[in-house]
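Shared between the two complexes below is subunit A, which pairs with subunit B and subunit C, respectively.
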Partner chain A sequence: MNFTKSAALAAAISLCAGMAFSDTVKIGFIDPLSGPFGPTGDAGLKQFNFAADQINENGGMAGNTVEILPFDNKVNPKESLVQLQKAIDQGARFIVQGNGSSVASAIIDAVNKHNTRNPGDEVLFLNYAAVDPAFTNDRCSFWHFRFDSDADMKMEALTDWVTKNEDIKKVYLIGQDYSFGKAVAAAAERMLAEKAPDVEIVGNELHPLGKVKDFTPYIQKIISSDADAVITGNWGQDMVLLIKAAISSGSDVPYLTYYGGSLGAAVAMGEQAVGSVYQVSEVNTNLPTTDAQNALIDAYEAKYPNNNYYFHRIHMLMDMMDMAAEKSGSTDPKDIAMALEGMVVDGPYGTVTMRADNHQILQPLFVSVFSDNVQRDVENTSLGWASTDADRIEAEDTKTETTCKMERP
Partner chain B sequence: METVVFSLLNGVIYGLLLFMLSSGLTLIFSMMGVLNFAHASFYMLGAYFAYTISSVSGFWLALIFAPILVGLVGAATERWGLRKVHANGHVAELLFTFGLAYLIDEVVKIIWGRNSVDYRVPELLDFPLFTLYGTQYPAYRIFILFVAVAMLVALWLLLKRTRAGLIIQAALTHPEMVGHLGHNVPRIFMTVFGVGCALAGLAGVIGGNYLVTDPAMAISIGPIVFVVVVVGGLGSLEGAFIASLLLGLLQTFAVSIDASFADIFGWLGLGETTEVGRITIASLAPMLPFLMLVLILMVRPRGLMGDRDI
Partner chain C sequence: MSDMATENFANLAPSNAQKFRMRVLPFVLFAAVAVLIPLFGPSRSAYSLLNAIGINIVFALSYNMLLGRAGLLSFGHAVYFGLGGYAALHAMGMIENADGGFWGSVPVFAMPLVGFAGGALAGAVIGWPSCRRAGTAFAMISLGVAELIAAMGFMFGSIFGGEEGISGDRMNGPEVFGLSLGPIGEVYWFIAFWTVLAALLIFAFTRTPLGRMSEATRDNPQRVEFVGYDPTRVRYLVFIAAGGFAGLAGGMSAVNYEIFTPEALSLLPSGFVLIMTYVGGARYFAGPVLGAIVLTYMQSNLSDFTEAWLLYLGLLFITIVMYAPNGLAGIVAGLWNGTRATGMAYLKTWAARVVAIAIAMVGVIVLVEVAVRKSNGYGEVFEPFGLHLTPGSPLTWALVIVPLIVGLGLLRHLARDEQEAGA
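Up next is the complex of A and B:
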């Protein structure tokens, strides 16, 4: 009898201990940590860890400690679902991912299913970089928030740039052969036909994702097509190797990129790319900003000397999640999702809004150029990204129509 | 015209790189009668050794010592690994090399990390050699061409013009007879294995900075090297040479052709907007080696120059 009692007591105590543990907010980070896109995923993880440390130093998320649990998915949608299950099993109620819209698509489906089957035990997916426009249109979900501008919003910025530069008559499109690369190419074709009907698309090429080791044959095609500009959505190793081949083949036309800031690209580009590689993004570290933000960048680059402050949106994501937790006084995924809807934040580079109708962030975008006249360089090259006031696109101007019909629980 | 010239150049260079890998593999196959699954891993080791050596003492020393080091690792593998396994038959040997490939993969990941290393082209060769049709051609590619041709000539002279080559050739086909004549056959095998691995290592040294040095490089090139060996004919150096160039050219040309199925089969009524009509020739490039493998096994199982069926 005594034994049963003490066993029950022990069970009760361990239950309490278990509950004390749950004061940690666990965020499952599912992205590539090995292979051709390993450096990209690793850079993201470092910024998440940094942002989490900052929140913890300032009293945590509504009083709870934040912990990032990393999972390597090798940019494989199937592998990601295994990792997602692992993350949920380890107690993660928040999932963050960014690399690969194919992966994000699988995670959205899985999270939707999980939440239907486990009411009261929901999981929230915070997407920091997968930019297939479908996720905030036809396939929008209450359980998904996107903290990066989608492929269409960024393409608006790039095609505006093409329209402004009247010497550009021929454009070459090259991208990765999966949903995101196709979305970029389709957006470019559609928007160029609208804005600049006289601009001819002289090439529309998709190459296998992460498989091409030598882009020289592609670059030679670009050169022989007499293109005046190249538009690419490539990221990670595909971006680095594309630009490496372009530089060594002497292709000197403007390269309009989504991810020219991919880790390793600056070293591959060097002096020769100054003035000819452009990037559309939510930040470049040479933008005028607050002292606090400059201090944050310094602290980040001091802690990780081999990385640069690149994923500003990761800090926005963590800060907005933190604010949502404070506002609702809860770290329950559903409460946080409700609080995130329509949230307006005064960010270091301008006002940032999370749309309530489709869960798409609206943030200022900048078309930056690779320059040798910068205060903050990247990858210790004395080169970096710069932009002028004319290259700034206000957050409201990036807003696009949505076809989303949000179903709220 | 410029497309043809550049595709020829790039295709030949890629083909020669493939040959450097497959020559060793095909020699080892003739000797052991078993495909060495770990062969591409020695190629990877070559690239990583070169990366480490060149970060300490420069590229040129790496060019010499990295292949030697890989050759020694290969010889040691044969001496203390394969030779023991050999007694248990071909399946055991096959499994041994299979396991070895994974082992090397993991060891590389532990030592050099899971991501690519920054192994760069030496500064001395990092300049455009000439400009053709408005496109610059990097000097390093021509250097690869020279190294590959030099290796090819050296290998040919060694096998066809020296006494050692004669003994090796004899040992490949009639090991017992060579043994009876008083030659140390196990040592010949060890040497051939070591030299084969060193050749793969050399390919790694000059290919690692031309392409990418990462832990996936062995897995990505391994299947293509097998295709070369099978298409060329198992055990045939000449066949491997022809197949390497053929594959190199085929893949490079496919990428540079700007046509879709609709353009080619349009006369059959295939529309540009159909699922099949939209497929471009360039997107087929990664598939072509394996299509070739399947076709050659169906039509000519012994390969282009092979003298025995699989």
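Up next is the complex of A and C:
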């Protein structure tokens, strides 16, 4: 039969593959590489490959070569599990993913199940961008580490900004209709009610994820609501198209975003968005930093001229994983996980800590504004992201209470 | 004269040996293969693939109850697959949370039955209006219903789970046959059991009077009415049964993947099951089985080799529709019958045709792969067997045009030969 033969063949091949590459640390990258969110996933993959190359040039991860295996999940949770299975079958013991908390939720579940069912063959999930706060609270897992500040931590920064600006009295919330978008909206409502009870939320809208082609009707609703500011957690295509519609409809209120730096957004925004689009993130390339970091940014942007250094957290993730491997002298997922807990790193933009109690990273955050007066531009536009010292939020200040009860193996 | 007719009529009935060869043997072989596979010690990826194949075999067979047997072209069969799967996942949730009671004693192994109930119930509700008409009207209604249910999937979060879908855990409740269903190798036995059982049941269904009447309704609904049957009713009952078996496949999928998302209800899987069934061969009972095996393999493995795999799938589908309407099963059956009737000569032309197609495929593959890399714009170059094929190089175009001309020319020549031989 056709498939017995192929099954036997597959077994033989995987056996040989296992023997030939035993000195390779394989990291399965599961994110969209096609479709509406393809460019976002691709940008992440490039930074992972770049970071892996750097580690390999400097002697590898505890002496082992690092290899990134890309898998396209089309931001579909079920497809992600199929790809996760493939990644594990191909020998990946580390999984990285970021785009879509719906996907991350499925992966956390599947990794937990896999690890209880296959003791000695554990898999570790390193999350670089899925920021649903539940993952480091009620649903926390020993096998999950988050290297991005969660939706609540970022919302603290944005709501502080709203509170400071006295002329903002009406806020409009718009987001993607899934766990992350809902978490953003809930956090905004809760924090605004707490910090600025006089600020009114004039709209709270959720739209389908990745399906809206023209945001003009949504923008018209925002304009007619007389909002003074808009808060959105949109990312990828949903961010680009939202801001494009806002610019072309002449909506000139501040847009407070999580992912205004999404690839393609800067070109869509252009000159008109200068001074009115804000983003909260762990980096903007115009921050004062070390020479080594500046050289790294230069090298990255020279290698990928169509991309910008955006996912600083990917480099932090790879560096911290590398350090954990050196510290424990092992590339076993369990040893790496143990070594990551409580790790403190002196990063190029300040001290970064991995919390041991819920596996959430603590890093400085910056509220940057889209500006035409920058040293490093994005997307070859002569525009870029800028921030002052006052816009910096120290890592320690982003710490939130956690409900996590970590169960360690 | 009348004696002879009676005699001939008696001869038409299959002998016991024929019955065994046509009806029992294939299932014995099928079950034997399913039992023997684990002896080869398949890897985990092979198991994942086999499980997906098992699910798709049942799904495609249930679809063929409509397409091949009852002549109903449905564009929304995944709705029943998905609703059955959701029913099974909700049941798995109840087993997980059960504290004794009814759900505490239900094994996860029985989830395909819950899926069957869910799919059949959905078929009973949706089939009531849509089975009044056959043909184009039926196809259009199925399309509308599929879109409606898929859109609903994103709206009713407590049932369908929204973008995240619904997850479950199969390692709960009582164990059956000593299977914990944890490791994928144990899930294989679960899938194999239900695949063989469902295939048997679907085959048995075709032998019932209802199954026979559904074929008659496909061929001539008016005549069916004349002999006292109601075609609407026949279609409706077959539709419910087909929905039930699709739901059974959904229940298998729920246990295998432990997650269902609203995409499972959408037009994409509905289209895929249509392609599986048609490519396999809707006229043969084994056709959908063959189609499910080949296309599931393509879906999971071809996509690793080339990102243009959907294009190849489309080409395969178009080729089958145009030149081999009886599908892969038809090709296999033709080869078997042809060789038995005319011996080696038939086998020779057949082999020549395969060679011609393979030559033409070289041209198509080079064209597609070079074009895909060019459109990606990363400057990646197609390099098979150490060749360096850039979009501008003459070698590339020679490798596209020469094989295409040679292959298609050879096919044409063979077709002409056959025509002359036939005339």
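Here is the rule we go by: the second predicted complex is superposed on the first by the 389 of 409 C-alpha atoms of A that agree within 3 Å, B and C clash if a C-alpha of one lies under 4 Å from a C-alpha of the other, contacts with A are read in each partner's own complex, and residues count from 1 in each chain.
Here, contacts are C-beta pairs under 8 Å (C-beta built on N, C-alpha and C of every residue); 3 or more make two chains touch, one makes a residue touch a chain.
Quantities reported herein were computed from a predicted structural model and do not represent experimental measurements.
Q: Please indicate which partner A:82 is in contact with in the superposed arrangement: first for subunit B, second for subunit C, both, or neither.
A: After superposition on chain A, A:82 lies in contact with subunit C alone.
Q: In the superposed arrangement, does A:106 touch subunit B (first), subunit C (second), both or neither?
A: Second partner only, subunit C.
Q: Between subunit B and subunit C, whom does A:375 touch in the aligned arrangement: first, second, both, or neither?
A: neither
Q: Touch check for A:209: first (subunit B), second (subunit C), both, or neither?
A: second
Q: If you stack the two complexes on chain A, which partner ends up touching A:178: first (subunit B), second (subunit C), both, or neither?
A: second
Q: Under the stated touch criterion, which partner chain does A:58 make contact with: subunit B (first), subunit C (second), both, or neither?
A: neither
Q: Applying the document's definition of touch, where does A:34 land relative to subunit B and subunit C: first, second, both, or neither?
A: Both: A:34 reaches subunit B and subunit C.
Q: Using the superposition described at the top, list the residues of subunit A that contact subunit B and also contact subunit C.
A: Correct list for subunit A: 34, 177, 208.
Q: Flag every residue of subunit A that touches subunit B in the complex, lowest number first.
A: Where subunit A meets subunit B, its residues are 33-36, 38-39, 42, 177, 203, 205-208, 211, 213-214, 216-221, 223-224, 237, 241, 248-251, 264, 267.
Q: State the interface residues of subunit C toward subunit A in the complex, per the touch definition above.
A: 33, 36-37, 40-46, 48-50, 53, 154, 162-165, 167, 169, 171, 182-183, 257-261, 263-264, 293-294, 297, 300, 307
Q: Mind pulling up the subunit B residues that touch subunit A in the complex?
A: Residues in contact with subunit A: 2-3, 6-7, 10, 14, 109, 114-116, 118, 128, 131, 133-138, 210-212, 214-216, 220, 252, 255-256, 258, 280, 282-283, 286.
Q: Note which residues of subunit A are touching subunit C in the complex, please.
A: Counting only subunit A, the residues touching subunit C are 1-4, 6-8, 10-11, 14-15, 34, 76-78, 81-82, 85-86, 88-90, 100-102, 105-106, 109-110, 113, 117-118, 177-179, 208-209.
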